[in-house]
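Below are structures written as structure tokens.
In what follows, chain A forms one complex with chain B and a second complex with chain C.
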Partner chain A sequence: MAGALPIRDTARREDAPWLTLKMREAMESWLFISPTLAGFLIFFVGPLIAVVWYSLTEWNLLTQQATFVGLDNYSDALFRNPDFWHVIRNSVIFAIGLVPLNMALALSLALALSGRFAGVVIFRTVFFAPVVTSAVAWAIVWKFLLQGEAGFINQMLASIGIDGPNWLREPNWAMAAVIVTRVIKMVGLNMILYIAALQAIPRDYAAAARLEGASGWQIFRWIIWPLLGPTTLVIMVITTIGSFKVFDHIYQMTGGGPENGTLVLAFYIYQQGFQFFDVGYASALAMIMFVVVMMLTIFQLVLRRRDT
Partner chain B sequence: MKTTMKRMTTTVLALGMMSGSLGAAELRFTIWTGNEAHLKMLNGFAESFKAKHPDVTVKYETIPPGDYTQKLTFQLAGGNAPDAGWLMEDAAPTFAAAGVLDNLAPALNKAQGYDFADFSKPALGLWTAGDKVYGVPFSTSPFVIFYNKDLFDKAGLEDPNALAAKGQWNMAKFQEVSKKLKDATGKWGFEFKDGQGYDTRIMHALMPPIRAAGGDVWANKQCGFDKPEAVAAVKQLHDMVFKDKSIVPPGEQGDYFSGGSAMTINQISRASLMPKAGFKWGIAPLPTGAGGESPVIGQAGIVVFSAGKQKELAAEFVAHMTTKDNVAAAAQFFPPARKSVLDSDAFTKSNNLIPPEQMKVVADAISKGKVLPAHEKSPQILAAMKPRVDALWRANADVEASLKAVCTAIQPLL
Partner chain C sequence: MTASLTRRRIRIINQICWTLALCIVAIPFVFPFLWMVSSGFKSAAEIFGSPSLVPREWQWQNFIDVFKHQPFARQYLNSLYIAVTVTALTLLVSSLAGYALARMRFAGAALVALFLVSALMVPEEVTIIPNFFMMRWAGLVDTHWPLILLPTFGPQGIMATFLMRQYFLALPKELEDAGKMDGLSRLGVWWSIALPMSRPALAAVAIITFLNSWNLFLEPLIFVSSLDKFTLPLALSNFTDPYGMPLWHLQLAATSLAVIPILVVYIIAQRQIIESFALSGVKG
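Let's turn to the complex of A and B:
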């Protein structure tokens, strides 16, 4: 575009002779990005800084009294509050249970549904539908299915002679139940990412390998899997972050119970901030969560870099 | 579109009036009902307030009950305080202690013919401190037993009202009847309030039997869950859930209102669900226990917020809403705390779903009842209790040990 116009670098407009073209262009671009930038500063950077500040205060929302307490909220969470470590433990169990299960299932589904055959779109839609289903409706239906004796799941189990547990009322089973129902709800998203990645791999590679006598497993292990690497990394990072941030699902299914068996970090932060109105403490916990998730992400990136 | 236009016009008008020299004002009043009949009545109060203040309008703002306390707190914290509003009983001590409620005593004393002494003393417990009045209770609604008459008939049993008339409606009978109902009809004998007795309504599940047994969940800053009366009462409930299998157990559904259970415990506002239920029903008092009759009451009050900009006017409106006439007008929905209204025939005949002799049950319970326990730290106490109560509701639980654990957890907060 610049080539079509006369060179105007020294051209100055008569009404604003002090502005060079470069300055004018810079101003224009700032003006163009200013709406997004303003939104980013006001709704993202601002609250982020505010949370850091809040986390250093003891602030009761109702009385509106805030006192600066330094790092007290942090040291209380890390060293004096036994609930905190219980909550972290739950969050880690949730992530360890959810991430591999979700990824394995997503990859299997993607491998099965990445080809072109009659009805494939219907199958993809079926597996993706839960992603767009309301979280509340999802939780209500599963709560029905997972009832103690009258629940559909336990009746099915009973018909083959298995006495199923009261899924959502026993701490360990409740954790397993929330993990599995969450995986079923969210797996469609990762499946789509994997399908896209699989379809981007040229077919020639597999065809060539087959000509050389490679088995199906060898093709997957030595060709497909390495080429899926970048996608796998992205999926692992977002799924891990998502699993640490899980809130709505826990809120609807178990409310953190039974016996605090599914009390995860995001729900605990909600409790402190929005039920006890202890905003300072909740902010400190949110900062801790931020650091934990960031460290995990960096760790995964480093791991990936070392792989390649 | 039309409403948006209307709203905009109102806003523009309101702004115009505010900037003008007229003394026009708008009071913002938060509530948790969206029921049209309720709103019609409330708007009626605003209309009649114009007799004295022709230029004052009242804007009611509905916040869903589940989020009410939370959203209200955020409005107060955000510097956007409403002028007045409803407040739930469990939030009352927290709000009063935080100093966000205005003292209504001067306005109530000034109001002509108000007669504050007409309010039943026990009903004011949560809302007064010395001479100060932080709220006026507008709904003082006792918990009653709702029963499914069809299921009682099917099981060949006398209904709770018949038993109460003979003086036999006690906890032992309640247990016996529940089991017989379950065995004869296959439906659950009893369901806790809204099926939430193991989750959000723990207090509503444990409180009535504990009080019937002569205990309390706490009193004078001392936990009462581990006292012998409470342990005995909870053991009985535990037996009903796991041995008799007559109470809907944790993790199961047995909705009373759709015929899944023969009895439940609730307030009369739920009677509005009954016409759709499709079975014969009635309400009866709570069963008595070793502690005699001990009705339990749920409450809500009207308060004025200290951070509001029109406190005096708002307080005057609260006084207007709670005059004898207006309390009587509201009684069909919200059982009153005014003795004069409670004793009147108008009250027992006010609800067209519940026959007068059963409304007497409600009136009796209000005059004899005690409100649900509330505490400055209610949310923390409930959160601390929850995991220990979860442990209680297992088939093989040691009830006494679980209740001890509840006390260990909540005692520091009391």
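Let's turn to the complex of A and C:
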């Protein structure tokens, strides 16, 4: 084998003697990466440019074609259409409800399940199971559980003398229901990230502190929690961004209702673009979403840089 | 002696308390699955008003009616073959690109990586409108092509690329150099040396990609309109009577059929699956 080596090498180089090794390597790399790059240009860069253009045009069922109107769609959203601020309010309420609840539950579960004891694997499996389940399926089952009088949850409440509300028919309860069921669906993911971070903390830290007489709470507050800082930050931003993108869950559970009480940004984009065919306006909404997510990401990067 | 005995007893009691608390917290995670299956077996008459987990009468008929109400078998198959295709394509494309980014030197590599990373930050809702018009222009609306192409080349695929790149970077280089010495081409090194060594990363990409495709909802909703082209998540929301009211017993039977195979695989391979998600770290 080793003897055949130099011959092969020269043979290969004679295929294309005008190519230097460096050029050959560069060419091969571009070939390797070209499917990804082509897809990226066609399905991402192109559409991103297009959506900027669309957002500057009036394009709906009446006009049937795009006419340039400058920033009209943006000022429509920001100053004229009251729905927009209602939707932003809903999205913010959804995020403010979901993120802390998700993170607190994820951290508590991770603290309880980062050790080794009988059943730890079972519990982890259980808490993570909804993550692999389709959001549509999850929402269908919860919608069923939360039906008005005949729903299981209200029947349980009735049996202990509580008259449960018609969860998905009253705006505030519907929002609460969507938030809580979404947290249960997704908390397993953050739990896993927290468990990984907890297990990366050397055990001696806590042991040393315990020798010094620190209580469990003190160890958590002054040792564990600061060490979890970077993880907490990443989880916070990912979860916030995820909460702005929520669509399937709400589509299935409430359809944005009642009285638009759970109409959030991603749903609003879908509704304006694909149900009302107001392409220009929907594109402006998409750009606003883009800016919001971008700002969150940059915020995270800045904080992370300051940390290190 | 007694001191250590009581300490042990305290520990056991402590343990039991914790386990009990966790069991209570686990109820909303487990119960929906149980109730879904149980209700899938109930008749339309029994489905409301009987708060019993065991149906009075097991309605196996529901699971037959599910297939009569709409082409559910076809829709099931659609989801399956689309998820498999997307997974295979993503594995191929992302491991090629990931390998180039990790191992090969070319002008502009850093810039390409930066460009690709930026795509990770942009939700697909932002680009879905132009993508729709592009697909319509190409005559691909109401086909499965958008459901295959968009996830493969969208943020999902790019995420997979970086996962692969990360893994390739951590592999020892010596073996690949030896392969090159033996006259293997770049493609040969990638295929017969780098890929076999990166099974864990490939498995993680495969698991996450498959699940994402299986559960995909926005794209099918927008691109697909004929019943026999539906995928599962779309089909599930379609068990309604002519007035649009849900036929709960059928819907829940169908949902059980869609969810249980995934859950079974998940329970068997839970370690691997959970690790895959931990590895990828960033998701919804």
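Here, the second predicted complex is superposed on the first by the 259 of 308 C-alpha atoms of A that agree within 3 Å, B and C clash if a C-alpha of one lies under 4 Å from a C-alpha of the other, contacts with A are read in each partner's own complex, and residues count from 1 in each chain.
Assume contacts are C-beta pairs under 8 Å (C-beta built on N, C-alpha and C of every residue); 3 or more make two chains touch, one makes a residue touch a chain.
Model, not experiment: these values are computed from the prediction.
Once the two complexes are overlaid through chain A, chain B and chain C clash, as defined at the top of the document. Contact with chain B, but none with chain C, is seen for A:60 once the two complexes are overlaid on the shared chain. When the shared chain is aligned, chain C comes close enough to touch A:186, but chain B does not.
When the shared chain is aligned, no partner comes close enough to touch A:104: not chain B, not chain C.
Residue contacts after overlaying the shared chain place A:295 against neither chain B nor chain C. Shared-chain residue A:207: touches no atom of chain B or chain C. In the overlay built on the shared chain, the residue A:96 is in contact with neither chain B nor chain C. When both complexes are overlaid on chain A, the residue A:150 reaches chain B and chain C alike.
By the touch criterion defined above, A:166 lies against chain B but remains apart from chain C after alignment on the C-alpha atoms of chain A. When the two complexes are overlaid, the chain among chain B and chain C that reaches more residues of chain A is C.
In the superposition on chain A, contact is made by A:260 with chain B only, not with chain C. Of 60-68, 132-140, 150-158 or 186-194, the segment of chain C running into chain B after the two structures are fitted on chain A is 132-140. The interface of chain A with chain B overlaps its interface with chain C at residues 144, 147, 150-151, 274. Against chain A, in their complex, chain C makes its touches with residues 15, 18-19, 21-22, 25-26, 28-30, 32-33, 35-36, 39, 48-49, 51, 92-94, 96-97, 99-101, 104-107, 109, 112, 115-116, 119, 121-123, 125-134, 149-150, 152-154, 157-158, 161, 181-183, 185-187, 190, 211, 214-215, 217-218, 221-222, 232-233, 236-237, 248, 251-252, 255, 258-259, 262-263, 266-267, 270-271, 273-274, 277-278, 281-284.
On the side of chain A, the complex with chain B involves touching residues 60-64, 144, 146-151, 166-170, 255-260, 271, 274-277.
Within the complex formed with chain C, the residues of chain A that make contact are 1, 4-5, 8-9, 12, 22, 25-26, 28-30, 32-33, 35-37, 39-40, 42-44, 46-48, 50-51, 54, 109, 112-113, 117, 119, 121, 123-138, 140-142, 144-145, 147, 150-152, 155-156, 159, 184, 186, 189, 192-193, 195-196, 234, 238, 241-242, 244-245, 247-248, 251-252, 266, 269-270, 273-274, 279, 282-283, 286-287, 289-290, 293-294, 297.
On the side of chain B, the complex with chain A involves touching residues 70, 73-74, 76-77, 94-95, 98-100, 198-200, 249-253, 379-380, 383, 386-388, 390-391, 393-394.
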